[in-house]
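The following pair of complexes shares a single chain, chain A, combined with chain B in the former and chain C in the latter.
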Partner chain A sequence: MDSSTSVALEPLLSFLAFSLSKLESGFYRIPGSAVVARYVKSSHQNDPGRTILELILVIFAIRTLLQSRTRTDRSGKHFIKFSEKEIDELVDEWAPEPLVQPLSEWEQKDLSSVPVIAGPNGPKPKLLATGKVVTNLASFNFAGLAGNEKVKERALETLQKYGLGSCGPPGFYGTIDVHLDLERDIAEFLGTEASILYSQGFSTISSVIPAFCKRGDIIVADRSVNFAIQKGILISRSTVRWYDHNDLKSLEDTLISVEKERKKRKGPLTRRFIITEGIFERDGEMVDLPKLVELKLKYKYRLILDESVSFGTMGRTGRGLTELYNVPASQIDMLVGSVANGLCSAGGFCAGSAIVVDHQRINGTSFVFSASMPALLATSGSEAITFLRNNPSVLLNLQDNIRAIRAVLEKTEGITLLGHRASPIIHFCLRTQQQSLSVTQPTYDYEAEERILQDIVDDAIANGVLLTRAKHLHGQEMVESRPTIRIAATAALTRKEVEKAAGVVKASVTRILSKRR
Partner chain B sequence: MSRPSSKLPHLIVPVPADIKGRRRSGSIVKVEEVGGRTEELLDRSAYLNINANWVNAKGAWLIHVVLVFMGKIIIDTIPGMTQQISWTLVNLIYLNLSYLMFHWVTGIPFDNELHGGAYDDLTLWEQIDDGAQYTPSKKWLFTAPILLFLASTHYTNYNPWLFAINLTALIVLAIIPKLPQLHRQRVRFLTGDASGFSTPVTPSFPKMDQNPLHAANPADAHFG
Partner chain C sequence: MALNPPSPSLSIFREKKSFSQLPSMMKAVSYLSAVQQADFRTRTHDNPHTAPTPALSRSSSPATSFEDFVLNEDDDNSSLVNPNTPPMSEQVSTTPHTEFGHCANEAYRCVSKHDYTKPFLEHTIEEPPLYVHLATYISFIILYTLGYLRDLFGMYFTKSHFTHLEFHDGYAPLDSKFDSFVRRRLKRRMDDCYAQPITGVPGRTLHILDRYSLDYNHTQIYTGGKTCALNLSSYNYLAFSQGHGGWADAVAESIRQYGVSSCGTRLGSGSNDLHVFAEALIARFLGTEDALVCSMGFATNSTFIPTLAGKGSLIISDELNHTSMRVGIRQSGAEIRLFKHNSMSDLESVLREAISQGQPKTHRAWKKILVIVEGLYSMEGTLLNLPKIVELKQKYKFYLYIDEAHSIGSLGSRGRGVTDYFNVPPGSIDVLMGTFSKGFGAAGGYISGSKSLIDALRLRSHSGPYAEAITPSVITQVVVSMASIMGVVPASQLTESMPFPCLDSSIVAPKKGVEELPGMVPASMLPRWMILCPSLADGSEARMRMRRLAFNCRYLHAGLKKLGFIVYGHASSPIIPLLIFNPGKLAVFVRMMRARPIPIAVVFVSYPGTSFLAGRVRLCPSASHTKEDIDIVLRACDEVGGILDMRYGSCERWGIDEVCERAVELVHSV
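Right, the complex of A and B next:
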């Protein structure tokens, strides 16, 4: 058996031996082959194990070298792969869409319900549509500076001296001496070292935050901060932790947990900020400033306080929460306020130490990349500060009016008043059976409540009181808040007028709610 | 005409799996992806990364050979040096220094305003060529330690211990970190032991996860 297989295999074996010897002689005829043969022999060193390992390594290296290049990280992962046919179909099917979708019926109605005022705005403006005079409880005119004669005179003088425009960004020939005067006035008024003026009140805080907070820093912010602050935090790319609305116990817990995490990671000490508002624009709550400052000093955070609503309204002369609580303004690292809301002019400011302010002259994006304010608005702001200094009784009137409005509205059925009782912004929302006082309960029908509130607003306008809903970007904010109507109290109206207006609002509410029921 | 069957999907910003819904994991070792957040990807495409594109220059390729050569000569001048120890030293020093440079240090050491910290989690290897794999520089950097190792085993006869040390160092320090499967992955030990990272919330506060638009906001950002 054995011999027969070997006989059968013999021609195969001899053929193999012949071809091998042929290959060998052919190999040695190639120039340089002897070198390769010697190299391989000396590498082998009579150790087949190592040679096999090295051979595996070489094969792996060659395999890597032969791979083709893959895509980079940032391209293509989100791209959809279409086949040629699908691409052709999509292209053939394509019809241009309008840039903006046509408005839905509700949006159309909402847009057309905004009243247009004929003539100057003030406590009692005239509506363009009907020609009637209404009481204005919607515009921010807290100290009654809108239409103030002295401010108007000064503004006209400035207009004649400086003209209207400002000719450029503040850093590039756009700063006029009146801007510097206003900055100095604000700083002296508040008691800080310096202040910097921004030309738009809304974008002030969303510029201040990214100027100081960078990626890797830690921000601890209140959940119900306004949209501008949310955008500023998003732009800054910092790590953000949220604490419950106006709940300083939750803030303290958050601060402790942040410190614990940092210790656990053994991370480096980075800059840490607490961001909150003095009076929240969303619902009128007021923050407890001394406790906040105490927490900030204890855990070594910097405080960015947005006093857009409380500057010009709180305190004996309108200096804001620092005057109200008797906290020195140097305790607040960046005090951001609004010249548009509090002083009835335009723009915003950030007050703080000289270093803080100087840093923003280069790094505040809204300061560097927007035109500065027209001169007449700056002098109006300065004049308004003088007015507040000399007439502190105006704020007492404001507080009286606030109390009057709240007294009437508290007795109204079917609505809940929100916010602090001294806040010049009074929000009220519809009351559900649960009797909740928080703005952020999710068990309500957003659209339906909006429509009811809009009906109340329309009814009030028809009866001579200008109201507005608090408008938010639904679906784009961090926290969805319940629809509310926002009343901005003003010192320009007498107590009787205010009570009458609040009575009209109460009647409208009762009327609409009883119709709905 | 029939509609094409392929519909463009809604634009959803992808949420990396390690951020959403931090479940407690009791594992000792966990492999985590880093550096994949959308805003980081966007920030990286703003400017050229000059920290990483010098490796594409041919001089940077040649310098490996030059440095190894000079290192070998310098180490050979130490009295009492045998060939085995000399080659081992050259090999180990090269592997360690290149590991330190390419796989240990993260981020960019200068010009932080340009990229805003978008590269802070990435090592130099992961920054090269924007994360593309099998590019010419990466192929060279992959091959160089292997060539050095093969040269060293050719010119000396290692005893089995030194051979094992050299081979392990090559595999652990040079080959494994450069594998494309480990791109932007980090091995973490004993994570999630303590209580979870989210902000303590009072019980009455509604859950925020229900709104799909909030899926990718920085609200639940955490460290690392």
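Right, the complex of A and C next:
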């Protein structure tokens, strides 16, 4: 019986053996099969547990791949299943907050005190509220280009030829020859290979930073950089290390510690950037550019320098800090400036090597996805550069006026002047007993100081001098700085007028402060 | 020169000369275009309709007075410079034909309005035959393989080209080889069709600066020549951006009076009376309580959205929203969910889940939910299903933010965008945002809503204290554009209930409870120095333009469909994406359109701008195009599309001549 079954099974067994060997040889004929076989063999190692583990892994991988990626919550442990009726009830119950919180009483006062100018802005504008002509120490008109007849003429010519709007992003027939001209003019003016135009000054640097800095890159930045830089850094998702405000010693320490950390972790070399401002918008301090460039070269960082305030105001012809310190602009990897402030038009630019600029033409979000600037604003910028080149005396006037303002205000009781003595924006804050200007630990009442400063501003306006508080988004800035009044010097006023205006400011300060005591 | 008819042989010669300098890869294209041009010439002989009229000399046309500023003195395309049918003597044109086409035929007009009797199509995607997708995949595989091979060999043989992509001298590369691959190996091949500089007004035509490249588009060399091309790519929908005419005159006056710059931020002494005028006018235009302007359209989204939502709030955004909104949303710190493009059912399910589940982990109720959508999507041409989303809004109590970048000015019988198109009261939407760089021919953007909202944004948004204020010239253009759409009542005639002149009230009966949009604007709302010419002041010019735009959009959209192309988007959309799919054909299409006897400027969008498989060309007709211009475009698409095998559509097909003849019927049938 036994033998008969084995006889009967024989052909079947031989067929099985035959087909198995056929399969095996067939499998080995597939290119790369040896690798698979070797892998299975070595992972199996006579231990079925390991094979099962591998199989589970494969199944898990397939499951993950097939899972919908948009709503991971649904399968997550936090998901609670509701019936349709329950959901309807929840929807009915839900009461949202208002879209925005209404303005507080102080905010309303703040908003209503914003000056509105009737007619052209310039050294002596007329205010809409009172109809009075005031001396302007608030608006950005550093080189006195506002209302310049040549610029106007050029703008009018451009309007006839190009219309106003460019009506398209730069990639889609929005690049006009005048944009290329201004880009070339800026690059030649600064001495860089190329430059790229953005249509708003504020959005320039917050687009430049994320164009280069990606996740995993390292940014070392000044603690008191302006809001646009903070937003740029936020969007970039890079690792940020902050150094003390305008303290290059602290910068160097930070650079050393970053390098140490990297060596300790044996991490790969990533892109590294130093981000700071030429003249700080928030307090008028000036960075020591030669030292900064030395550090950046020594530690092999790239430098993103925001010259929104210093371009068009500093140096002999307004080329900015690079001209002032005689540092070649080509040593600054990304030099960001404002056409709106420096050239009294609108927009911003980033100058650098051709590679840096071309990179932004694809990766600069607010360049690629926004309409290019109107042609007449671009030609106005070009005209302004010509003006700066031909009239170096203008910036001497500006410096004269800055000195005059500082001279008067330094002698004023109760306030502290901030910033570098050559800075075209001059901040002053209230002097308190503690004399603490530390930015990290506020020892002052923010809103109370703002109110006092606003009183000073209102008083000065009533006496014929337009001033403004330095406006900040209280609570949204990374580091709160003390409330200040910001004066913007201009070359369009004579020294006499400036001295008189500064005298008015001084009188207002004294009057308001004595009232409070 | 003006007396001579265009000489096609000359233009061919010119094209050839420039092509011979191009890399050999493009020779096939030049061959194709030569064939096609010859073909066109024979056609134009047969068809007197499209032939330029040689008898029409400049001296007899009203364009004479513009000779001094017609850019192309050496232009051989007289059909672009002079109208085919000369305008009647009573039609005094204020602009050259190149900027704004003369079209006196009242039949070529249409009113932009939603027909509530027809069902609304949210986003219909017509699929091409399977082989097209397959070919697209293969085409991408070839492109990638070639690219990698070139990288591989390039690394050994032309090291200098790669130094900036590698570690050197202790610096990590600014751009890794991997990240820049698409740009270097895919986009650069088509760079001659991208970011072409232009000169002059981007109106009905534009002047492309001729250029060529000797090093595979690494650098471009400008020849100094210009090509005048029919402009199907600018967003100058109503052609308000003009060098001459009522709009430009007002802007010129503002430059004379106000100068160029506003010299500061809105909160820091850069505000002027023009801003105040403009904001009041915008609010009135839109029918909202208040409005706020910003100097850049992109920044309007990216700086105002963070103020609207924060931690504990949820933002639900359409998956195809514009980058500016994504940047704003990312800065806000709110939780983000996406829903399928323009799918209201998906939005509803996302809403139900979000509200019932609450915040992740804690399950606390959301503080608020903000739904951010676009009125008209710039890549798809799809129109928001506004009635449905407003219905959802009432049920789910979310706040609605609509970006009307492309729809404002270009949609609706009164140019008020999607709310106008669907006749939905603007007050039922919380935030209306839009830009000036499209319909209004200016730059910048606005946001509008309730007074409390706008006041909060004035003070708390990033723009107020930090961004430069919009310049006087730009804001003047906005004021004039809006005033010309609304119409101005002289101060003496002002009565309280001055209705807006209705275009055609018989088409759509307003839904119940619709508040009338405030009508004409009193002269006191405009700066005193701003005096508009009669055709602008009574709103007739702008109305004519809106109706011409609506006609052109519908005609081109419907025409392309009838010719067998796959076209996305809504029938009334001023953005018409013509699907080409294959990346190789995209560039060839653009080049062939440019190389035609009457060159046509179009833009293409490909991966990564769109999905991998849906490369497309975008056509944006404007009010400045005449019906003949659209005919030219349709004929060009028909020919080029035939050569490139692009007609995959399943719609009932007509011949090109039939489409051109039955244009009016076609427009009113959709």
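One rule holds in what follows: the second predicted complex is superposed on the first by the 413 of 517 C-alpha atoms of A that agree within 3 Å, B and C clash if a C-alpha of one lies under 4 Å from a C-alpha of the other, contacts with A are read in each partner's own complex, and residues count from 1 in each chain.
Here is the rule we use: a contact is a pair of C-beta atoms (placed from the backbone, for glycine too) under 8 Å apart; a residue touches a chain by one contact, two chains touch by 3 or more.
Being a predicted model, the structure only gives us computed values, none of them experimental.
**Q** Looking at A:A118 after the superposition, I want to know if it touches chain B, chain C, both of them or none. Which is it: first, second, both, neither?
**A** Touch status of A:A118: second partner only.
**Q** Which of the two partners, first being chain B and second being chain C, lies in contact with A:I80: first, second, both, or neither?
**A** both
**Q** Is A:H359 touching anything from chain B or chain C once the two structures are fitted on A? First, second, both or neither.
**A** second
**Q** Which holds for A:Q160: it touches chain B only (first), chain C only (second), both, or neither?
**A** Only chain C; A:Q160 stays clear of chain B.
**Q** Look at the residues of chain A and decide whether chain B or chain C touches more of them.
**A** Tallying touched residues of chain A, the top partner is C.
**Q** Contacts for A:W242 in the overlay, against chain B (first) and chain C (second): which applies, first, second, both or neither?
**A** Once the two structures are laid over each other on A, A:W242 reaches chain B alone.
**Q** Figure out whether A:P31 sits in contact with chain B (first) or chain C (second), or with both, or with neither.
**A** In the superposed model, A:P31 contacts neither chain B nor chain C.
**Q** Applying the document's definition of touch, where does A:E261 land relative to chain B and chain C: first, second, both, or neither?
**A** Touch partner of A:E261: chain B, not chain C.
**Q** Looking at A:R50, would you say it contacts chain B, chain C, both, or neither? Reply first, second, both or neither.
**A** The first partner, chain B, only.
**Q** Considering only touches as defined above, state whether A:L90 meets chain B (first), chain C (second), both or neither.
**A** both
**Q** By the touch definition above, which chain A residues appear in both interfaces, chain B in one complex and chain C in the other?
**A** Residues 70-71, 73-74, 78, 80, 82, 86, 90, 234, 476, which sit in both footprints.
**Q** Of all residues in chain A, which touch chain B in the complex?
**A** These residues of chain A touch chain B: 39, 42-43, 45, 50, 53-54, 57-58, 60-61, 64-65, 67-75, 78, 80, 82, 86, 89-90, 92-93, 214-216, 233-234, 237, 239-244, 247, 250, 253-254, 257, 260-262, 264-265, 267, 438, 440-442, 475-476, 478-480.
**Q** In the complex, go through chain B and note every residue touching chain A.
**A** Going by the criterion above, the answer is residues 1, 3-6, 8-9, 14, 36, 39, 41, 43-45, 112, 116-118, 120, 129-135, 139, 142-143, 146, 149-150, 153-154, 157, 163, 167, 170, 175, 180, 184, 194, 197, 199-202, 204-206, 208, 210-211, 213-214, 217-219, 221-224.
**Q** Can you list the chain A residues touching chain C in their complex?
**A** The touching residues are 70-71, 73-74, 78-80, 82, 86-87, 90-91, 94-103, 107-108, 110-111, 114-122, 128, 136, 138-141, 145-148, 151-152, 155-156, 159-168, 170-177, 179-180, 199-203, 206, 212, 217, 226-228, 231, 234-235, 269-272, 300, 302, 338, 340-341, 344-346, 355-356, 359, 361-362, 365-366, 368-371, 373-374, 376-377, 380, 466, 468, 470-473, 476, 486, 488.
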